[in-house]
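Pasting in a structure now, in structure tokens, and then I'll have a few things to ask.
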Amino acid sequence: MGETASPVPVIQVEDIRKTYGHHAALKKVTFRAEAGESIVIFGPNGAGKTTLIKIIATIIRPTAGKVLVNGLDPETDAEAIRRRIGVITHQTFLYGNLTAYENLVFYARLYDVADAETRIREMAEVVGLSTRLEDRVATFSRGMQQRLSIARALLHRPTILLLDEPETGLDQQAITILREAMKLEAGVRRTILMTTHNMERGLEMSDRLLILTRGTICHDCSTAELDVPALREIYETHTGVSA
Amino acid sequence: MEQNVFRKYWLAVLGVVLILVALWMVFLYVPTVTQDGHPFAQRIFYFHVPVDWVAFLSFFIVFIASIAYLRTRDRKWDNIAHSSAELGIIFTSLMLLTGMIWARPAWGVYWVWDPRLTTALVLWFIYVAYLLVRSYAGEEVRGARFAAVLGIVGFIDVPIVALAIVLWRTQHPAPLVFEGGLDGKMMATLMVSLAAFTCLFASLLRVRFSLRKAEYLLRSIEQE
Amino acid sequence: MSTLGKALAITRKDILSEARSKEIVFSALIFAILVIIIFNFAFGADQTSMTLVAPGILWVTFTFAGVLSLNRSFVAEKEENCLEGLMIAPMPREVIYIGKGLGSLLFMVVIEIIALPIFTVLFNVSALSLPVIVITLLATIGFAAVGTLFSALAVNTKARDMVLPILFLPVVVPVIISAVKATSLALTGSGWSDLGSWLAILGAFDVIFMVVSFWVFPFIVEE
């Protein structure tokens, strides 16, 4: 599943607006993500980070504005978009009553994963749960559940990863796995969009950062030259909130 | 300035005029009918039927406005649906009440399982659920969405409910709230009363709509 | 995999989960049997009165047991936000409705299959006939069609256990009336032609509400 880098940006968000009644969760958000880019989004609570992720994941529809994923419009090609996207949040999307294996088989079916059997074992290996496949997820520790969630998200070989505050509830092992998993898939660098409160991790894992405050992006720069104190300063300047 | 005043109130004025005319017709103009039950109480028929019609009209408006809201997400439609549903419940309650007021002198009991009354009763519950869902949903916009769904499903249910109840009742005949034909004077009275209540409904809807619009505005200012 | 295949995958998942916990079927079944027994005490003395009230009691039982099992339908998707997991999957939203609906239908039918013979014995009526089975199936489809939609709605509200009955019961009044009347006719040995109009209402309700719920379901799950 190798997609050569194309001039079309992988994620394109233009003047996105999302209102719930009187409250505008997102006011006017515009940015692009090129293939293979790793972008981290910082912002205080209520800034609209989760809303933005959900819109790109096609869970929510924007009130106004345009979203294009790989050049596809969610209004017409939602399914094609969803095939390419893997989502990891602090909620695992896993069914406690079912075994790890059954959970993965379920998602393999929903995503039409061709070599389901092999792929499941492969992913279980990657996240270190090969021995626990036949156990009910309810018996797993939180860290194990999160690792299984990573396996679930990567099962269908998505080229785009959306992560909403992924480090909450992850143990060290899971974080290492996640960092590895975020990188390569069959020779193609995944495009990654991640929201987080953890500045250190965020800087580590990304090429570029955005700061989202009160529904708009107020800062967009490369993370190459930045360290945590510098970031903290920028953050405080823009949001008026200490990180 | 005077133009504006006229435009604002013409509907209400028309409604009041028609109601006065209807009242006169119902109590003084139309002859007494000795057909069923208490002759004087029978006159409530001229309120009962129009109120029933208006209730149906209001739920039809809820239906259309609900579809429009889901399509456009424009709060104006939600406003219309919500206001119309509130009025619809009031008019349905009036219909049930007038039915009971009629039934008591006519047949000695407060409630008869007459098809139209029973259907109205079921409708009452459906639209009360419509209003309840808005507060149970927690968030205003979600409540509006859920209510719109209910507004659509509820209205589509209406003919099926009516059909089932009518079929049920034909197997167990009970006193019917209305039967028989209408002569000229009765028909005229009914028509005027119908027009009166429809005007009343329309002007009330308008008022409720503006009131709610002002509430939205107030709340959005508060939240800024 | 086709969209139907994915819907069935959801149904299979629900059956698997239920087979493990036995939460839904067990509690609704115990409830149903208890209700039948209590009604037996409440109405019970002679055979003629029992035959008269039997259809009503049967359907009150099935309705409330149905509400209990429908209530649980989307609760499992609330934990760990699994519903969102379903929404990011490459399939139309309606697939969720079909999958969950078939699951609920199956659970209710299982409860009915077990409760019906018990009912037959306690009330001394011939409820295990083909007409009664057909009526029950048609009515349960109606319950599942409407109940799945409202269950998805109710799970997103506070007081979620109260909300489902308030929405569900008025809307399924035609189903209840038709089922009771038809069952009553069937128990007294009437032929298919007498049942005709009631079955027609049940069938029409099923078709209309499957279509309407199918169309309207995405609006419930999508913000």
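Odds and ends about this structure:
The chains carry the letters A, B and C, assigned in the order they are written, with residues numbered from 1 in each.
FYI, a contact is a pair of C-beta atoms (placed from the backbone, for glycine too) under 8 Å apart; a residue touches a chain by one contact, two chains touch by 3 or more.
None of these values were measured; they are calculated from a predicted model.
Touching chain A and chain C at once are the following chains: B. More contacting C-beta pairs link the chains of B-C than the other of the two pairs B-C and A-B.
Distance between chain A and chain C, defined via averaged C-alpha coordinates, is recorded as 39 Å. Centroid to centroid, with C-alpha atoms defining each point, chain B and chain C lie 32 Å apart.
Separating the centre of chain A from that of chain B, both taken as means of CA atoms, is a distance of 51 Å.
Counting partner chains per residue, chain C shows two or more touched chains at residues 223. Within chain A, contacts with two or more other chains are made by residues 20.
Contacts with at least two other chains are made by no residue of chain B.
Against chain C, in their complex, chain B makes its touches with residues 70, 122-123, 125-126, 129, 132-133, 136-138, 142, 145-146, 148-150, 152-154, 156-157, 160-161, 163-165, 167-168, 171.
The touching residues of chain C, counted against chain A in their complex, run 1, 5-6, 9, 13, 16-17, 20-21, 76, 79-82, 84-92, 222-223. Residue ranges of chain A in contact with chain C, taken from their complex: 20, 54, 57-61, 78-80, 82-83, 85, 87, 89, 91-98, 102, 106-107, 109-112, 136, 152.
Interface residues of chain B facing chain A in the complex, by the touch rule stated above, are 73, 75, 139-141, 216, 219-220, 223. Chain A contributes residues 20-23, 63 to its touches with chain B in the complex.
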